[in-house]
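Here is the structure we will look at, set down as structure tokens.
Going by the order they are written in, the chains are A, B, C and D; count residues from 1 in each one.
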């Protein structure tokens, strides 16, 4: 039986490399093209040292091969320019940028600048499979959810679904992220000497992922900090429900939402060193750890959510979505369990 | 002219070592005793490699010398047991533990267990000089403010003083701290392999420093995370004033509070890499960086506050308080400017 | 077809956890027992957060089940005490300690203290499959090679085999290792605050792994430094052959030795960021990266060798050896490719 | 009494910022000019967050003020182009680049390209005050020694002076350095995501500092690795004297050389956590820690040398040299003791 063919556009970036890693170890996919204007025709191992064992070479993005699935790991704004070429090349396009994540042009304009293909916004399926699994089978244009939005939505969704949060509640989301969120390259602020060891407010207000969160959860007060790690996104959500809840209510809501989810682990208290979600515990995996605590002194629920931004926050989520879209086993190619101990992956 | 003599009790711990460093470089103090039951009679450089140039040796805590000022850097609960001996040995006692920080026994009981000398709570002066400077001159029992409380109070105080916050507002405080907050020693969770690279919720709710904050600011929703650094505490305060404010109002409030403060720097926006407060920018110094941003979408004020927990959060604050108490130049011994670039100090 | 059953003794340690991770994802093995005196009967996920998805619980080491393969991940000296019980429980014992790595009691006494079962030293097979592959099929007592020895031997072996080094040459080996080499637990020196950011000479001379190296390569001048990472061992070998060699000679020797090895990658120069072996490029994998450079000014060959000490340096090597011993595909369960980018894993 | 005036050319770089920090806290100097083509006329705190308290602004390098001492912190090759302007502006020029470190044009040509002012090489004084103190008073052109050379020379000098090494011995120097050695800016390899957590051979052979070392110590086999820290250089020297030596001989040689040196600390064995030189123990200071061990198995002496490359390796060394040249107290402005604990500064 022949494999499902895949192409990765923008394959020299961090997310592109992660897609190549996942797809090359995937039981169903065969990667036949990896584009990079800058690095063609070098081998992909030239940029991604973990893929040195592969013979695949970068090719020019202007000559797309015909494939079953095309993954676009290009910067925001690029996919909408090339979407026709992408769709001509592949029956299924999974875009990892923000170009097709929002539902309407108005929403897009509020947070970004000038969508050139707004008519596709209603067609595209937002891919956070725990939330939109039913819409994915057969989808032809898939927009993989953003990293910080994914962490936040997964943390708060059970409270919304259970009616604990009603959409008008005060929701503060304080996010901590690693340097890979900035992508390859970057200027002085991204240099090791300046970026090392920081707790740096990099999006005090107005982070664009607010738009994705608002679509599903409601308006949040959102702040993002850069901290010392390369991979990882951790969202701490401080929410104040109108009605008091018990710890049991919370366990009920989270178990109801996630007990059958292959990529969500509830981690809330208990003993040992790892009592709550931590990004380093999920580094390299497509898992999300979700936990919570109740603050008796003020009725606050504190929700912790940790993912690997390169995986559950982008490439892993894209492959997961493609698995669902094409009818593969959901966890195919995504079964890495993570490492212990591990430093600051 | 003879120097003012000083003793450090609990001198082998991290905070004790920092006191020794500061006092040995202080123009007014001469350290005559450094106690450590475990390390006496080794030299202090045996434990603190930066102090190898000193001949001072640890001595037994049971034989306190008579000094002008005694700094107690002992674990919580120890100072209250030995306070009579401390006060017999020294006219001025500066305690760095939580033993004498709260105003009443009731407050103490709510957050800690069993105060043995509650009558001293009303006598002791809480030392966060930006807040309690007037009470310090001549004080005989000084309780240096806690690290996370200091970061939070310094961040929110101008809003309270200016009437922007009224004490009934929603205040979420999300804190990120380094590993030195746990002190020397520590178990498996503090080992390098387990602690490296974390964003770890270590006090999801119920952190004891809430009590100190409540004394001056009001009740806060408080959560503390361990992140990858050794020194540093960063508080992000998300607050929602009842009445709308402008950026100009905020600048006015913060300038009014801090423009003459030698250890507070306002850092709010502007260009370059370091646009908001960052703990690594103040590492090794007694400075606090304070900044803020206004979120137009929800009326939120986001306040950022960064200190070195070993300095402004403990030893530096103690020396600052002693300077004020004894009438020295406030910045004496505390003029280190910090390093650039620097990693994760 | 029923799986090959496996037990891990000492399963709560770092190496034990790594074995559990590898074996639980291995196509041939089924882990039926994981012992830990301290943590029985908690789930293995209590200690190893990456294994929370497993139901397996720690059991007491005194009640060993009968299995096909027993992996002993106990501290040095423990295996020799319990070797009879291990061998009664399992037809194949793979020991990860140093107990059975050396060939003679004399050698052992020179570097360690008092072997209680010296008669087994000649029976055991040293497992560094690139070196001893032929002796492994059917072996019943396997001693997996040590991490620093593995890195060094893999780096220098091709030069010995090609006759570039003759055993009497000057060989300086300067090793840099991560904190996981110290194992779980550890005292003050292993705490995050003291261990972070170090370049610390921890074995200036006299490291016990010299004995293993001497068995295969010859006597080396060996020094080990602790550096800031959790996983990883990197050996830089400075060697001075008697006869001059060319770069072509070196490429010939290394290709000859390793071109068919599934776990060795030659990385020597070329372009891009990753031009020579780096431990972070192999973190989480069973791969060794080997590279070299020729110093025209003094005839020196500089050899770089990088492994993940938890994998190629212990657990991965043990599973690799078991694969060979039992006739499985060599790479079974060991095909993780590693991550890019990644921080300090 | 008026202060000695100083200018820093190239003041926006890492070394320039360190000079500004040191000079602004120096009892004798007043900084009157800090040049930066890129950042003029911003305040120096725009680039160096630790210097936000200063009003000084960057000015254009084309308009040099007349000062007593000019410190040039420009890239290699720039000083030789502007040396006439520098010397016209200042009676004493301290250059931190490699332009005037070597003694002859031939030496320079061997390691660098095309010296435009070779006649100045014999006039300039190499500044490693422990080595060239006598030549510094009154010197008008001073070339501060390079970081890796400084660490190496300080480590080996006592052995040369004591005749333990004779210049024909085998000397392997394995160096580990932090990211600040690469200076501000830098490309992909210097980005946080790629540079974090590395043990990366960045100069396997042919590092230019070999030339400086050769001038004073002899030819060395030199290899430099980038490791995870921002500040710091650590040299491990493996040397093989022709004649056997005792530990007592070594202590004698090192004490003889350094017992009166204000910036050299001997750290060799003993107890506690910090038994040998470590860069983090000297971070922020002008100190060098030097230690050694004797390897009985092969007659090797292992010498460890640790400095802060930004201080003893450049800016601190330059200020130290200026202190000697101008007759100030040697330690003036250089008395910071360093921090404990500290992470990866």
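Note that a residue touches a chain if its C-beta (ideal position, glycine included) is under 8 Å from a C-beta of that chain, and two chains touch if they have at least 3 such contacts.
Small disclaimer: the values here were computed from a predicted structure and weren't measured.
A.B. asks: Between chain D and chain A, is it the same set of residue numbers doing the touching on each side, over half shared, or a different set?
C.D. replies: Same; most numbers are used by both chain A and chain D.
A.B. asks: Out of C-D and B-D, which chain pair has the most contact pairs?
C.D. replies: Comparing C-D with B-D, the pair joined by more C-beta contacts is C-D.
A.B. asks: Rounded to a whole Å, what is the gap between the Cα centroids of chain A and chain D?
C.D. replies: Chain centres of chain A and chain D, defined by C-alpha means, are spaced 45 Å apart.
A.B. asks: How many angstrom between the C-alpha centroids of chain D and chain B?
C.D. replies: Result: the chain centres lie 35 Å from each other.
A.B. asks: Spell out, as numbers or ranges, the residues of chain B touching 2 or more other chains.
C.D. replies: Where chain B meets two or more other chains at a single residue, that happens at 14, 178-180, 184, 188, 193-194, 196-197, 229-230, 273, 278, 341-345.
A.B. asks: Sort out for me which residues of chain A touch chain C in the complex.
C.D. replies: Against chain C, chain A makes touches at 14, 17-18, 21, 24-25, 42, 46-53, 178-180, 184, 229-231, 265, 267, 270-274, 278, 281, 283-285, 310, 335-345.
A.B. asks: Please output the residues of chain A touching chain B within their complex, sorted ascending.
C.D. replies: 170, 172, 174, 176, 188-189, 193-194, 196-201, 204-206, 210, 219, 221, 223, 225, 227-229, 232, 234, 236, 238, 240, 273, 275-280, 291, 293-298, 300, 302, 304, 306, 341-345
A.B. asks: Spell out the residues on chain A that touch chain D in their complex, using ranges where they run on.
C.D. replies: Interface residues on chain A, with respect to chain D: 14, 178-180, 182, 184-186, 188, 190-197, 230, 343-344.
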